[in-house]
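See the structures that follow.
There are two complexes below, and they share chain A, which is joined by chain B in the first and by chain C in the second.
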Partner chain A sequence: MVDKHLKYWLVAPALIIMAMTLLYPLVAGFWFSLHNWNIAQEATLGPFVGLDNYRLILTDDPDFWGSVRVTGIFTVFSVVITLVLAMALALALLLVGNDGLTVNVRTLLVLPFSMSPALLGISWRFLLNPEFGAISAGLGAIIPALKGVPILADPTLAMAALIASDVWHWSPYFMLLFVGALAALPQETIEAAQVDGASRFRVFWEIMLPQLRPVLTIAILLKAIFSLKVLDQVVTLTAGGPGTATETLAHLVYLTAFRFYDLGYSAAIAYLLAAVMGVLALLYTRFVMERA
Partner chain B sequence: MASVTLKNVAKRFGHFTALEQLDLSIGDGEFLVLLGPSGCGKTTTMRMVAGLEYPSSGEIRIGDRLVNEVQPKERDVAMVFQNYGLYPHMSVEQNIAYPLKVRGIGKTDRAARVRAAADKVELGPLLARKPRELSGGQRQRVALARAIVRTPQVFLMDEPLSNLDAKLRVTMRAEIKHLQHELGVTTIYVTHDQIEAMTLADRVAVMNEGRIQQLGTPAEIYDTPANLFVAGFIGSPPMNLIPGAVSGGTFKATDVSVTHPDFGADGAGILGIRPEDIEVVDPQVAGIVGSVYAVELTGEANLVTVLTGTSRVIARASRAWDGKIGDKVGLRPDPARIHLFDQQTGLRIEPRRVPGAGNH
Partner chain C sequence: MNVRSKHRLAKAARYVALAVVVLIFFGPIAWILATAFKSAPDVYSLKIFFTPTLQNIRDSFATPFLVGERTWNSIVVTFCTLVFSLPIATAAAYAFSRFRFPGGSIWPIGVLATQFIPPVVVIIPLFIVFRQVNLLDTRTALVIANMSFVVPYAIWMIKGFIDSIPMDMEEAAQIDGASRLRAIWDVVVPVALPGIATAAIFCFVVSWNEFFYALVLTQQDATTMQVGLMSARTERGDVWEIMAAMGLVIILPMLVLSRFVQKYFTKGLMSGSVR
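Up next is the complex of A and B:
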């Protein structure tokens, strides 16, 4: 006979590791956020201040609100552009069909996703260099006004570059997701619409897209989570600059903790960000569970 | 409404030839059934009329218009799919209205026509439901309503009844026949079910291996099959086929001897007799003798399987027939309803040449 407690013993190691790597930092982080703790001055936890850090952040911190705005802009544009581009690529792949060429093209298209976002930031930095960067040269050739302009020195252009690099990185992933979802659509509904007299655009817009809704919802939630926590490319591509033009929340958390050594305050910002992502993650899991 | 003409049509997928040289002309308002086993090319033929596939060569015309590579939406045809192809995110009403909506027909006009089409197939009370809330038969009706909501040049139906249970299939069959008669729209109907073909069609095109084997009315196909394939495919239980040889006007095989004035030249042949054209009689007075192998009561008749020589022959005897397994019996075919086929080509030889036989 099988010991009925066996199942708990089997998952116990995983639970313990999860508790150590996830639960402990969550609890400890929240505890830190209730204290003043400058690690440049003191090695142990400083004085307890209650919710003061949160009050200060929400009522009297223009840096935080600036960063919220930056993160919001980045998230909206990167989510929308990534998903639209991914859908366009997926449709294109499906239209071309399944010959040998498509398989190779697909492999090429997936390459950007295989890159580490930190390295991606560094290589994009070179590509955007006004003197020898390929993207910079290409842009200059198409739009003469951008010729020789240091893109990363301009607040708007730097944000655009950050979004572009993120879109470049994530589009392949969502393209694959959409290719699978499109291929799984019942072919008869598409053919029925064609015979009923719908144009290609209408077939896509009125027949395919509504049937993709569950997948689209999941994609939007996932990409929003990824965008909200963007850090690597910010560090390596723009370092939040120029000024605070690309200072995303995750980068602000990182700066506050490891440049200004204000651990308590940084933990509080991180907690506010985590709260938003927690809601999205909850929606996401609920959606995935519903589909399962 | 329009006629449909396929001339010299072939369809290849890569190296695979789905259809080789198909000629078919369907009259205005005719109900034509494409009948054949899976892989015979019947669905490909229909999809080319719909514009969902383009022919590799040949000509397809709807009315006088050449439509070879015309997109489906420009063809003015309506199609009912095997799995119905309903739009799962739309209500029944929106499903039926979709062909009108994409044609830019106004909301009020649309609602009236949807209502009329839905009433015709008794869907009136279900208009607000989603397809997933409907039974198989109801979904089938939605697909039909979506097809009849406008008056297309041609109806195309791809095995529309194959997902329904046997009882519902009989009901829907009658409804489709009635609707087509009422609307008078040219209809092409694909099926592998010979009963559907026989009951629905004005004419049947029996297909196999990418070719039309025979084209004719259900009676022609049944009474004078053009070749062995058609003879074996149509009828249930199928036609008995006995290999043997003709000599001096008499067909002979072990325990079989059948004489017919129309049996012509001597040579090898295959004798075909349908079970219902055989009378079970005393062994002394019959050309075919054997012993009873099995008896099956179907309700309205007894199917008697008789072992004769090397063949098994099935005869349909009356319900009152009371033989037992092992009994010696004789079988007497109706001389007016026997068939003879060439052993090599499989083609029908005398008696009775068939008009419209396969183009071999």
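Up next is the complex of A and C:
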């Protein structure tokens, strides 16, 4: 019977690929994290150390805890600012109406998030140059105190720049998501409330927002996951600096593994990051499944 | 103020708001695109009006920037990733949509969950494996690495589309004597084509933009455009006009595709896709 086995033949190639490129790395990565392994000196796996790497990271590694702090600050600010801004933009776009112009604007707004994070980072590095950066010049014109200030050399401002670049990258994406969700809301209750003389703000706060809850939950989880694994634009915008001011966890893993060649230790940090993301992923998949 | 002029004022305010949004979100991109055509002195003097030159584009194709070779690498890697991933993903998406598997919905959920594994976790063992089998700095390694996120992503998106295709169509085709595989090819694939196209566009964008795997897995021969960007930061300082020329090459396909990305956008997002 071909039909009986057909389903297995159909999924086999995909499962083999995923087993090779995801399942194996997950298992092997954990195995590596139980060893000391300097890949620059040793070709094969070094001595087994059990959970020592984890113990060291959690109890005696200021760099790790610094990165946890940086990643936490980055995640909270980027999630909140991105989503609030995206919702404001979506409402604004809805107010302007759906003529040809807004369709063109929406098409333009696809560009920030379809631009690669690597290019985004390096572009912002150029645009933030204190002497000839366009964003720096614009900022200096609005806020005189920032005129000619080397933004990426200041710990706080560099973090702000990293967050700003991320907000710039993602808010159009979530804006389009919210525009779709707002357009799908039933119009009757909204119109009825407007006829009754409710203000725009109250209509949004008391009628639209509660109905948007599922979409908002998905958006918050998604953006938190994107933020927690932020890496590409860290490499090209700040490289974790100045000092360790923007050293996110993913970047710390990258440096530890491929700059300091301390593979076992970096695998352990990576696993701790994966554990946090696993919790969010569980919430996300459960939520998606409930709705499906 | 009468009602009409008030209305006009409100309309004007809206267009001003729209203009500000465009300036903020498109301005930086436009600036980079313009910089690609500026002569070096114009780049470093914040000029808005300038005489365009093709010198940067020409320079970027020369050593050490090698935009030609690196663009070719990006094209080959992206193309191969899509060509291998989409049929594999379509087959799996169909099976997950139409058949029951032991363990039930754990399989499709598992597929979705893989999207949350941070790339830094995956790359360490992949790097070691590719080093052992001498695949470091090859396009093959990049295609395999890219498939790790493109395949699950495409399965999830295409499954959503196939779910919405009624079973009757395939059943009718099978009564006519066509085998199930033929029914899939003749009936399901054509109807699911918009879904497959949506997945293709998203997978194209994420493969083309992939940076981190290429950064770790390539040195020189297989370097893609995204990693090539780093070469604009030379030991003698940053050559921003070259960076801009490279940025132009990277953004160009997105400019062409933006209308499609926008059109298919909500569908793709609502199907729960992540990256």
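Assorted remarks:
Operating definition for what follows: the second predicted complex is superposed on the first by the 288 of 292 C-alpha atoms of A that agree within 3 Å, B and C clash if a C-alpha of one lies under 4 Å from a C-alpha of the other, contacts with A are read in each partner's own complex, and residues count from 1 in each chain.
Following the convention adopted for this analysis, a residue touches a chain if its C-beta (ideal position, glycine included) is under 8 Å from a C-beta of that chain, and two chains touch if they have at least 3 such contacts.
A quick note: this is a predicted structure, and the numbers were derived from the prediction, not measured.
On the superposed chain A, the two partners chain B and chain C both fit, without a clash.
Of the two partner chains, chain C is the only one that A:Ile122 touches; chain B does not reach it.
When both complexes are overlaid on chain A, the residue A:Ala160 reaches neither chain B nor chain C. Once the two complexes are overlaid on the shared chain, A:Gln194 sits against chain B while remaining clear of chain C. Once chain A of one complex is fitted onto chain A of the other, the partner contacts of A:Leu283 are absent, as it touches neither chain B nor chain C. More residues of chain A are touched by C (comparison of chain B with chain C).
With both structures placed on the common chain, the touch criterion links A:Gln211 to chain B but leaves chain C unconnected. By the touch criterion defined above, A:Leu56 reaches neither chain B nor chain C. By the touch criterion defined above, A:Pro186 lies against chain B but remains apart from chain C after alignment on the C-alpha atoms of chain A.
In the superposed model, the vertex angle chain B-chain A-chain C (Cα centres) comes to 80 degrees (nearest 10). The overlay of the two complexes leaves chain B and chain C separated by a minimum Cα distance of 8 Å.
In the superposition on the C-alpha atoms of chain A, no part of chain A is touched by chain B in one complex and by chain C in the other.
Residues of chain B touching chain A in their complex: 50-52, 71-73, 75, 77-79, 81-89, 98-99, 102-103, 146, 156.
Only residues 2-3, 6-7, 10-11, 13-15, 17-18, 20-22, 24-26, 28-29, 32, 39, 89, 92, 95-96, 101-102, 105-112, 114-119, 122-127, 129, 131-132, 134-135, 137, 168, 172, 176-177, 180, 218, 222, 225, 228-229, 231-232, 235-236, 250, 253-254, 257-258, 263, 266-267, 270-271, 273-274, 277-278, 280-282, 284-285, 288-289 of chain A touch chain C when the two sit together in their complex. By the touch criterion stated above, chain A contacts chain B in their complex at residues 186, 188-189, 191-199, 202, 206-207, 210-211, 213. Against chain A, in their complex, chain C makes its touches with residues 14-15, 17-18, 21-22, 24-29, 31-32, 35, 43-46, 88-89, 91-92, 94-96, 98-99, 101, 105, 107, 109, 111-129, 144-145, 147-148, 151-152, 155, 179-181, 205, 208-212, 215-216, 226-227, 229-230, 232-233, 238, 240, 243-244, 246-247, 250-251, 254-255, 257-259, 261-262, 265-266, 269-270, 272, 274.
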